[in-house]
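After this come two complexes, each holding chain A, first together with chain B and then together with chain C.
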Partner chain A sequence: MAGLNSVLLDPAIGVGANLAAWTSAGGGEGLARALDRPQDIIPTLRAADLRGMGGAGFPTWRKWTAAAEMADGEKYVVCNGNEDEPGTFKDRYLLRRTPHQVIEGALIAAVAIRAGTVIFYINPRQAESIEAMRHAVAEWTDSGLLTEVERVVGRNVRLSVAPSSGRYIGGEESAVVRWLNGSFPFPRRKPPFPFEKGVNDRPTLINNTETLANVPHILKNGADWYRNLGIGGASGTKLFSLSGDVLEPGLYELPMGTGLQELIFTHGGGMLGGRAFKAVFTGGPSNTLLTARDLDVPLDFDSVRSRQSRLGTGAMIVISEGTSIVRKVAEYVEFFANGSCGQCPPCKCGTFQMARLLDRIATGRGTEADRRALGHLCLILPGSGRCALIDGAVTVVQSSLQTFPEEYATPGV
Partner chain B sequence: MSDRIRLSIDGRELTVEPPLSLLQAATADGTPLTSNVGCMGQGVCGACRCLVRREGEREVSTVLACETSAENGMQVSFIDYFTPHRPHVYDIAGITDSWRIADAVRDVFPEADHCRHCGGCDRACPKGLEVQRGVALAAAGNLAGAADIFDQCVMCNLCTLACPEHIWPNHLGLMVRRAVTALGLRPSDLIARLAEIERGQQPIDFSGRDDHDAAAGAARKG
Partner chain C sequence: MISAIAFEQAMASLVRDADPVLRPDPLSREELLEAYHPDAGPEARVSLRVGPNRGDPCHPALARVVEGDALIGDVDLAAIAPMSTDVLVVGGGGAGAAAALSARAAGAEVVVAAKLRIGDSNTVMAEGGIQAAVGEDDSLQRHFDDTMRGGHHAADPALVARLAGDGPDVVRWLIGLGVDFDLAEGAAPGARLMRKRAGGTTAARILSHRDFTGLEIMRVLREAVELDRGVTVLNRSPAIELLSDEYGRCAGAVLYDLEHRVFKLVRAGAVILATGGAGRLHLTGFATSNHYGATADGLALAYRIGARLREVDSFQYHPTGVAHPPHLAGGLISEAVRSVGARLINGLGERFIDELAPRDVVTAAILRECAQGRGVGRDGSVGVFLDTPGLLKERPQLLDKQLVSLKHLAHRCGVDPCVDPLLVYPTLHYQNGGVAIDGNGATSVEGLYCAGEVAGGVHGRNRLMGNALLDIFVFGRRAGAAAAGQAGTPLAHGRIGLGHVQRWRRELTRAGVTGGSLSPVLYPAYGNFELRSHMAAGGKG
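So, the complex of A and B:
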């Protein structure tokens, strides 16, 4: 079991964009192992049980296998650093603080699927991350280290940094592909999946920044080492973006499977102003609320799912007694309404209508009919969009209605 | 007697006897409508905008409740009217120079150039208008073409709610229609309708309303 900040946020590797400093801090070994035995990369990730850290928790090895099995030719690896969910602030930190860790992970992905192009897709509002990555990418390109990668991949390997649209919706995989192909980042229904038809209609592997950052460490230290970092049946570590009504909000890397109680009260310093704990919106924030009876939940993908919620991006927005759940939900649904891309009228109209009803209820102007209408929208809307935005918005509304009905009590009527 | 059907409207479970429009079904149990109601079924005011999911379907569509038949298993949610973040202020009487009309429209609706071509407005329009094309024509200065597209718009506001770029297509369309009409000929169907009313050929039928409404109607008819 790992301690605090022991892998991705290890102070010893916070070396910025300097490649020499990265290699002298132990960087490069993971890639060297991958180049020695490329056929072992995916089985190692499988044995390590690395999951997608962007929110889905999907087994990384499956995605890589799907992309690797596509016929050889031009293929793409995209590192997704769009990160625009409320309360999530981990990828920008990785990109800025230890960019070579991410680049090395992406290069190992390129070796595994034999891709010639690696694109770092980064939110333009995170200017420092983009600058650090541009600098770091230039160092790799100038270093000659890519030659060995190209020999194993069997084609030229090119690294580039592409600012994303900065829109919330731009982090969704099919929207990533659209944007990189020069269009507005509209999501589309899948299949085809990006691994079949992605950038320039070619097979494309898209991974979250945190996922890729873990890869060099796993290749370097082995699957068993990674598995043992976690608690219980969970593997590795997770970055938790802790915010809200806690004394010490911030980014914490902890063993996957750390208890919610420990995150908030040991690492987060406990509740602000000594107020009682009420709930957590998990990243980001489109999942079922965790409440006081979930304080014992181990924070890993499977355990949180067993409480009918999702670990998501690892964003934990903590709410104390005295903070209105309805007000917070109204803010998030308003965010989703503004972020909805417009293609699907039920998503755009439905989120706006929910936001309006929530605002009325939160400000004491709501009626019983409003509360009922809100519950009814939660029945109608799921599945009505091309992507999962509307489903996420409905989940958080429905969860709050079920868990905190008293906060939705309306005067008279 | 035909089979009764069950449907839910804004969380109210209703059992009604078809044929009824969704608007009629919403009032069938005696619940007074205090919003989303205007012309009471003539399909011209756009107030009864709603989201509808038919039984067993994944699709959710935007419709006018007065023009949609109630079906068994339907789920209906009415949608509020959303007012603009800022009012669109213009003086049609002040637009007298047709050489300047495109600029005048652009000054009031600068967002018309921002269309991202998502097609949401077209899908949202319960009248089936080519809203996105209307916006594009207005933005390109083809106001006559745009006015023609928006001619049947009932200002239900669904395109505006659906538009991610805050273009306010129906409000843009209304200004274009007003400007084009102010500088040219009145629409032929409007001319014909006014003539019919003047000849007494389009009486307003208040039968079926209660005495108070009938009396009020009689008073209005003078």
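So, the complex of A and C:
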């Protein structure tokens, strides 16, 4: 049984855009260590086993190494704060309440890969986050603290805030690059990866906001300290966006590897109205559902993957008995259909057709043929898009079809 | 058992030949109210524990309803195809009909959902009439002043200004639709509306159709609504929950189709609650003059989605409800009877109160007589006399021309009003407070409007005779027009559902409110209606 972690959400550092308050709360030490021994940054992250918190769980050190190994010249660091999935609300909190934590992490990344431009890419619907970040960036620029960073990087360092397109698809890495290059945020095939050919065709390192927020703490306190924050084989601390049919929804910082049961019943106050637990949409609505069988799963990237699901962004949308799975799935697939950029026909038409079929079933007008058609779409659509949007939509439909077939049953047909 | 003077003895004390002298009163009106009105005293209110009015006083029985849990959950919405409209009006009384007609006039498509049938409401039971400052000796300002004073200055002046200000126009609108108001005697046809004086007013301002004004108005409005092709009327379809969108705005309602025993979803650009009051909750054990459907459904629905309430600890007890025979207890004897001159007499033959004082004062005075043993007892019922023989001896023609309902009621009571006085006792009549609204009926929740008795702030802590009929048309029409305007602006009602119910359940759990009461209650307790068993009974079709 573990309590809450207090690193990223430490109330002492939730000072908003106030550089002096951030420094006096212990901020800046991670960056100072990084500037002392830049060659140790990536090995430290590797030893700490920091993963990408935007959903992939990809080892952060690999991404940084790839960008660092590109030939010197103009390079970019992009902090991805597009956050637009249903049920995820962690990055907006970090940007608004701890902008300097995020900026310091991004500057350490700039030092590690010797980048001269750091861009904070933020969803325009989160006006408060943009406001806080603009203010915080201005504080850094005016403070002269950047001089030391520039000396180590060996070029001028510029920080800027760029509102994203506000589209769900705009959070995908290649779409981020497209948008920052001035085009509609269409994802594209990879390779080339952004670390090879990103903003202005230059090497670009793109990290999720929460990932970067972890970096100053790791540099300041060491890899061992960070590993010990986690439980079992998992390393570090994780923000969980808990929502749905729980008594106390909200943002919780817990050790990586905390049990699902504990998140819901200890921290989330249990199920609303004492109803039975039914399922969780993990990592937002694009993954395989976890059910009552999985309540014992430790919430870390590898353990959740071993149950054929994904931890994703750490969003946990909890469903109780008495909430219709099909209605929820219909809602989410409609979100994907609206979010599809439309450049890949299977995704454009597939999400639309799935949303149409789900709406018919959820509103009692579905037939057995509709249910079969939905099942067939799940077989032919995966892997047919340039990005993973269509795969996410299929995963949630397929998973709910397998786990709750009775809810799809259409009486009288 | 409180002692009372036996009926025969009281009859003997009733003086027949002279107008009785008003007994001097040692108490001021305020002291009388404080000591005897049902709203006063420690049992009359509790503090609400949840919701936007947490900490505010509320009648305990009403608190159980507004703090109740929802009847349905998300799973009940599964497999239902929603219907869509611009404006959904919940309630088929005068306020609902006026709202529907004015929303139509503003170009909106309208659905009216009625728990019983359209017109089947308290409106048809309004006997006395409607106030509107149309006389040359009257003014909007006087109407405003009377209403504010009558409501003990607790009303919202902005609402009262609209009430008084719209009065003449509402009357013109009603006449235009076909309402046949009584004309002054001796005047040329169409020349002068007959005006009567109401208790607590400074001018003759009551317009009436005999003594069934509300029935006459509802006759006209029901025809207008039913003949309008842009209005879909869903009878026997109570609203059991509102729907909200992801931003907490009101986006429709869940209805229960009593006939087919299924839920219906109605998506709407705006919802107008016109569900009336709470009389059938029988607060503090009082009989009620109210219609069968008056169970505070709208208050519960509005409060749960986050609308603020006001003065929900204040109710009007009509002074002259039937006390005997017991099976008609609570039935109303119109204030018109007193406004044309009938006296209230206690068991000693004393006239103890000015009959045209505000209703709360007359009520408290009657309750004092009964509490102090000066009431009249008959077959276990207690009350005071409403001296109709004294009145009709002078003007027997009143019974056929103006007091038709009284004649019917007396017949049902088995008495001849020209010979026997009626035994009366206060009856729960009107909910003074309700959902807080602005001048257009808008609540604190976007997309949700209220009109009529469900809304609060128009009458303060006491309502004048004739202002209820005016209220429902003034604010019904305003809410209808405003809702139609809002429904015209495209709102991104993406996902609609019961998000507000989820928030509400969290709040109930945190506050430890686990009484287990469910609302809306839909029917009085003696109606023995239980939603789930009703649905289950329909399973066989």
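Please note the rule applied: the second predicted complex is superposed on the first by the 407 of 413 C-alpha atoms of A that agree within 3 Å, B and C clash if a C-alpha of one lies under 4 Å from a C-alpha of the other, contacts with A are read in each partner's own complex, and residues count from 1 in each chain.
What we mean here is this: a contact is a pair of C-beta atoms (placed from the backbone, for glycine too) under 8 Å apart; a residue touches a chain by one contact, two chains touch by 3 or more.
If you're wondering where the values come from, they're calculated on a predicted model, not measured in any experiment.
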First (chain B), second (chain C), both or neither touched by A:Leu247: second
Touched partner set for A:Ala373, first chain B, second chain C, both or neither: first
Which of chain B and chain C A:Gly364 touches, first, second, both or neither: second
Touching partner for A:Cys344 - first (chain B), second (chain C), both, neither: first
Contacts of A:Gly273 with chain B and chain C, given as first, second, both or neither: second
Shared contact residues on chain A - chain B and chain C: none
Touching residues (chain side chain C, partner chain A) in the complex: 69, 73-75, 77-82, 495, 497, 502, 505-506, 509-510
Contact set on chain B toward chain A in their complex: 8-12, 51, 53, 58-62, 75, 77-80, 82, 116-120, 123-124, 158, 161-165
Touch list for chain A against partner chain C, complex: 245, 247-249, 269, 272-273, 321-324, 326-327, 331, 334, 361-365, 407
Residues of chain A defined as touching chain B within the complex: 184, 186, 340-346, 348-350, 352-353, 356, 369, 372-373, 375-377, 379-381, 383-384
